[in-house]
Amino acid sequence: MRICGVTTDLAIEAHDTLRAQTGQEIPGVTVDRRDFSHGQVTTVKIMDDQGAQAMGKPPGTYITIDAPALRVTDPEAHVAVVRELSEALKSFIQVGEKAGILVVGLGNWNATPDALGPRVANQTFVTRHVYHFASEHTPEGTRVLSALAPGVLGITGIETAEIIKGVVEHVQPELVICIDALAAGSVQRIASSIQLCDRGINPGSGIGGQRQGLTEETLGVKVISIGVPTVVHAALIARDAIVKLYEAYGRTPPQPAEMESIIQQLLEPFGGQLMVTPKEIDDLINNCSRIIAGSVSAAVHPGIDPNHYADYLQ
Amino acid sequence: MRICGVTTDLAIEAHDTLRAQTGQEIPGVTVDRRDFSHGQVTTVKIMDDQGAQAMGKPPGTYITIDAPALRVTDPEAHVAVVRELSEALKSFIQVGEKAGILVVGLGNWNATPDALGPRVANQTFVTRHVYHFASEHTPEGTRVLSALAPGVLGITGIETAEIIKGVVEHVQPELVICIDALAAGSVQRIASSIQLCDRGINPGSGIGGQRQGLTEETLGVKVISIGVPTVVHAALIARDAIVKLYEAYGRTPPQPAEMESIIQQLLEPFGGQLMVTPKEIDDLINNCSRIIAGSVSAAVHPGIDPNHYADYLQ
Amino acid sequence: MRICGVTTDLAIEAHDTLRAQTGQEIPGVTVDRRDFSHGQVTTVKIMDDQGAQAMGKPPGTYITIDAPALRVTDPEAHVAVVRELSEALKSFIQVGEKAGILVVGLGNWNATPDALGPRVANQTFVTRHVYHFASEHTPEGTRVLSALAPGVLGITGIETAEIIKGVVEHVQPELVICIDALAAGSVQRIASSIQLCDRGINPGSGIGGQRQGLTEETLGVKVISIGVPTVVHAALIARDAIVKLYEAYGRTPPQPAEMESIIQQLLEPFGGQLMVTPKEIDDLINNCSRIIAGSVSAAVHPGIDPNHYADYLQ
Amino acid sequence: MRICGVTTDLAIEAHDTLRAQTGQEIPGVTVDRRDFSHGQVTTVKIMDDQGAQAMGKPPGTYITIDAPALRVTDPEAHVAVVRELSEALKSFIQVGEKAGILVVGLGNWNATPDALGPRVANQTFVTRHVYHFASEHTPEGTRVLSALAPGVLGITGIETAEIIKGVVEHVQPELVICIDALAAGSVQRIASSIQLCDRGINPGSGIGGQRQGLTEETLGVKVISIGVPTVVHAALIARDAIVKLYEAYGRTPPQPAEMESIIQQLLEPFGGQLMVTPKEIDDLINNCSRIIAGSVSAAVHPGIDPNHYADYLQ
């Protein structure tokens, strides 16, 4: 259910909402859940077009790691998440040992809730320049990794996808890993879930709302995406408040269209582009960017032990 | 009306809400509105304890400059706001020509919506060191100005007020000007209002929610505060959505207590510390911090022409 | 005269040194000097291959604006420099009104002496996104401008030139303006000269020492470069100390080769990559980046008056 | 030997130079050297006034850890340095378990070579606010730690020592740990030595050249200082070039006074405040700030294992 054109970027949320609404399994979609020491790993597979249409997301595998300890200083839990995330990521990386891999950190480094991608790009253990210009110093146990934070349209004046296409054509990686801040459907998920997807980033995803997708179709190489919800659209908070109130009274909530018009009016001054985010967003982005950069480094470079991921953060 | 313990930091909003609810003038409070080329200047005076109690704010003069053009690139409008703000500020600065003035930029430089204060502190035209250590180079037309961004509790582990008290005792300014990001009651005000107050900052104000106030009582010198709303508490958005829906149906909204419990449940994961902020918050903070830093510099230093404020930004 | 492979990035210095050494005009090179209110403008034209070989720089026009007031807070002088620089830049911009122009800010935003380019890219008044996505809001008096700070090899693992080539192919500007921090031959020039060149950036220029040039040959569109010296190679300081001492004693300085070996030994631990830079480099970069961004904006956008450049800084 | 009023901030260098010049032990000074897995630890004790006068530094214990691997990505070596540094630091921390400790990060965050202190303050694991405001969540194995980066005179207009005095009076720690970027006597030491001292920071030390010392005398509580050389004064490079050249010719170098006048003339435009620093200073500061912040956290908080220091960096 879209309110003011917004919904969740998380496949797991889309699934759970749909499952609850329809009361039955969703054709063309499989879900597998398992626990780990500090949370849960859920794999949603959208198998076909029927599943894709129902879910509002393209076919692909969406792995979500839920770990509330992402929000607090808990090194043991963070290491456990890095182990899970780097393993899941490795299962998606099917390129040769010598293949170049490019990390793309999407988002706006000047706006904290949207700064996840650039932070990860900055902290990842990059090696490509050593291979190209000082190959006698190539660190053992590494692969050819580069990283870029292209900025956002409002800063550069250029569509992010165009920058990335141009760089991919010249750098010619065999795999692109995109990192982006996401919008969740509920504040429960903010900074406590990490979603991994083997189909890249689709138009309209992310806080920034990419106009063009970043996928194998647009870039010509396989694209893996990693995202963390850091905001919820304010429209969804407004809707949920109304729905919960009606539920409290045991009444049927108003039709979406009615709510839509009220909410649009309420959030009008910024064209609806209002985000709900926690006050301590800087700490949350800090935790998540460390964990994702560490997981990417550990998944790409066989010589980096996930248990010591923090030693390799830049 | 407080929801989940939150309300507005703006006297003008508190006044207008109360005026609308009661349908009559508020005893002990006077309001004066006038237009200028690009907006409106409203002066709310809380004259006595009766007014203070009704408004939920201490007695004092609260000047609000409303100018929607603060949100966009409009140099002409920005210069007009600097003229208004620096004039209003000058009317509050009643210290001798040789008196030291200290700017304090409150808030968290790592979280964009809360970064207004540190940005202003950083851009203000500081001169105190020239007077103290290179007095032969003292720029003409200036007064003795210093600036500090003390950080927030979560970064330093120290209550901000303690840092400021210590610095004030050693630097001995005759006036402190505090800058802080505020929380508004409505998204309409975000980054389009500037509030100036001659009574400092009171406990619980600002995004960061100072535990201790910064006032003449706590610091021993007069304190002027300047703030811009950069967020609205998510609880208020939820409440307003409910209220507006009921209004649309021509029904009386539920009691605050009922709404409170629904909303608390909805925003629970972050202890209610969820903020609504526009996606382009970085541009908004940029505009506002330039204008406030420029206005402070022009109000303090007689040699700086408000029309050329931008030339003196650091 | 190269010491440890380093020399000056400034044509004016190369010329003046050569002129002093040979005691005569340099064939294939013309020089024109004129004063303005706050400094001097020197135009060095390298006319042919003979001049190029003598100067160690490719044929082209090199305009240098010298203004010691760049180092201090002097708004009047800064406006005068913006007028000169934007005029000189306009004389180089020979593209149609609708043509797209791309600003490229070279250098490392994490190392202050090398951060000039990224700062300028960040402060320039970019409009391309408005033309492409909100053409009804296109600001009057502007042209289509975009800006990019591609980072440096050590951060991205990617050769800067490859990123720029890729972006140019996709964005298809008709003109590229590159900004870079330069190395001077003498500390006198640090942060007091701005060099403008109509032939782009050549391999080995800039603090970062681009491996590949950024020229019409490599990018396929005209390239203008703007640079400010922010460092002097430590090797040159060591050489000058020796030379000056010998001069003081009225003796002939040792042969370059002898000095070279001494100096190499002295600076060995960092492979000679040691830079001399003033302690207040942050203030200097701040002044220069404001002035260059303002000049670029004023030269590109007819609606921006150079006298009000500061109002348009982002 | 001072050149243009500058010398080294490192006791070990002062000692070694003096020892070489005089050819004998320095009365009132003891030196102890031992190796560890990745470098050397040297303890210089200045025992009395005679030693202090000879060395140009106040009596106290100066421990220097030399480890060239500080300059490169070598997690194993970095962990070894953290073990050494945190042990040495522990031997200096003689306050009770409940005592408050304040970290002060000196220097200018806007100038990379001077940004060490602020970086360390930012990355240290601060807990004081949890003890004061959420004592039910106090992390086990921690002590009461706070951290402050007061900025520099040019930014705030306030003498750093005044800010710190004020904060110390209000926060009342029993120990202050100051972190500062230092000036070495030779480029060999840049970013490869860490100096720890139990007598605080003395006037004129550090890149910023504190006008007032930060010592038990000025602050009223014990002060430990930690520093890393990140620059060499350009005057020393010039002097060394001359000296080495004379040595190469087997001649006696000129008198200091003669060299002084030459060098002063050479570096005049910036009042001699010219620093030599490596091009990759950002990486060096990054390595060193991580290691010092980790060592401070591990030395202060018994629950942090030095081998896992990186997990606790903020």
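A, B, C and D are the chain letters, set down in written order, and residue numbers restart from 1 in every chain.
As a working rule, contacts are C-beta pairs under 8 Å (C-beta built on N, C-alpha and C of every residue); 3 or more make two chains touch, one makes a residue touch a chain.
Because the structure is predicted, anything quoted here is derived from the model rather than measured.
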{"item": "Copies chain A and chain D - rotation angle from C-alpha fit, nearest 5 degrees", "value": "180"}
{"item": "Between C-D and B-D, the pair with more C-beta contacts", "value": "C-D"}
{"item": "Copy pair chain A, chain B: interface residue numbering same or different (half cut)", "value": "same"}
{"item": "Length of the line joining the C-alpha centres of chain B and chain D, rounded to whole Å", "value": "39"}
{"item": "Rounded Å distance between chain C and chain D, as computed from the means of their C-alpha atoms", "value": "35"}
{"item": "Numbers and ranges of chain A residues touching at least 2 other chains", "value": "154"}
{"item": "Residues of chain C defined as touching chain A within the complex", "value": "122, 126-130, 132-133, 145-149, 151, 153-159, 162-163, 165-171, 211"}
{"item": "Of all residues in chain D, those that touch chain A in their complex", "value": "73, 75, 78-79, 125, 139, 286, 308, 310-314"}
{"item": "In the complex with chain B, residue positions of chain A that touch it", "value": "108, 110-114, 154, 187-188, 190, 207-208, 234, 237-242, 244-245, 248, 254, 258-259, 261-263, 265-267, 269-270, 273-283"}
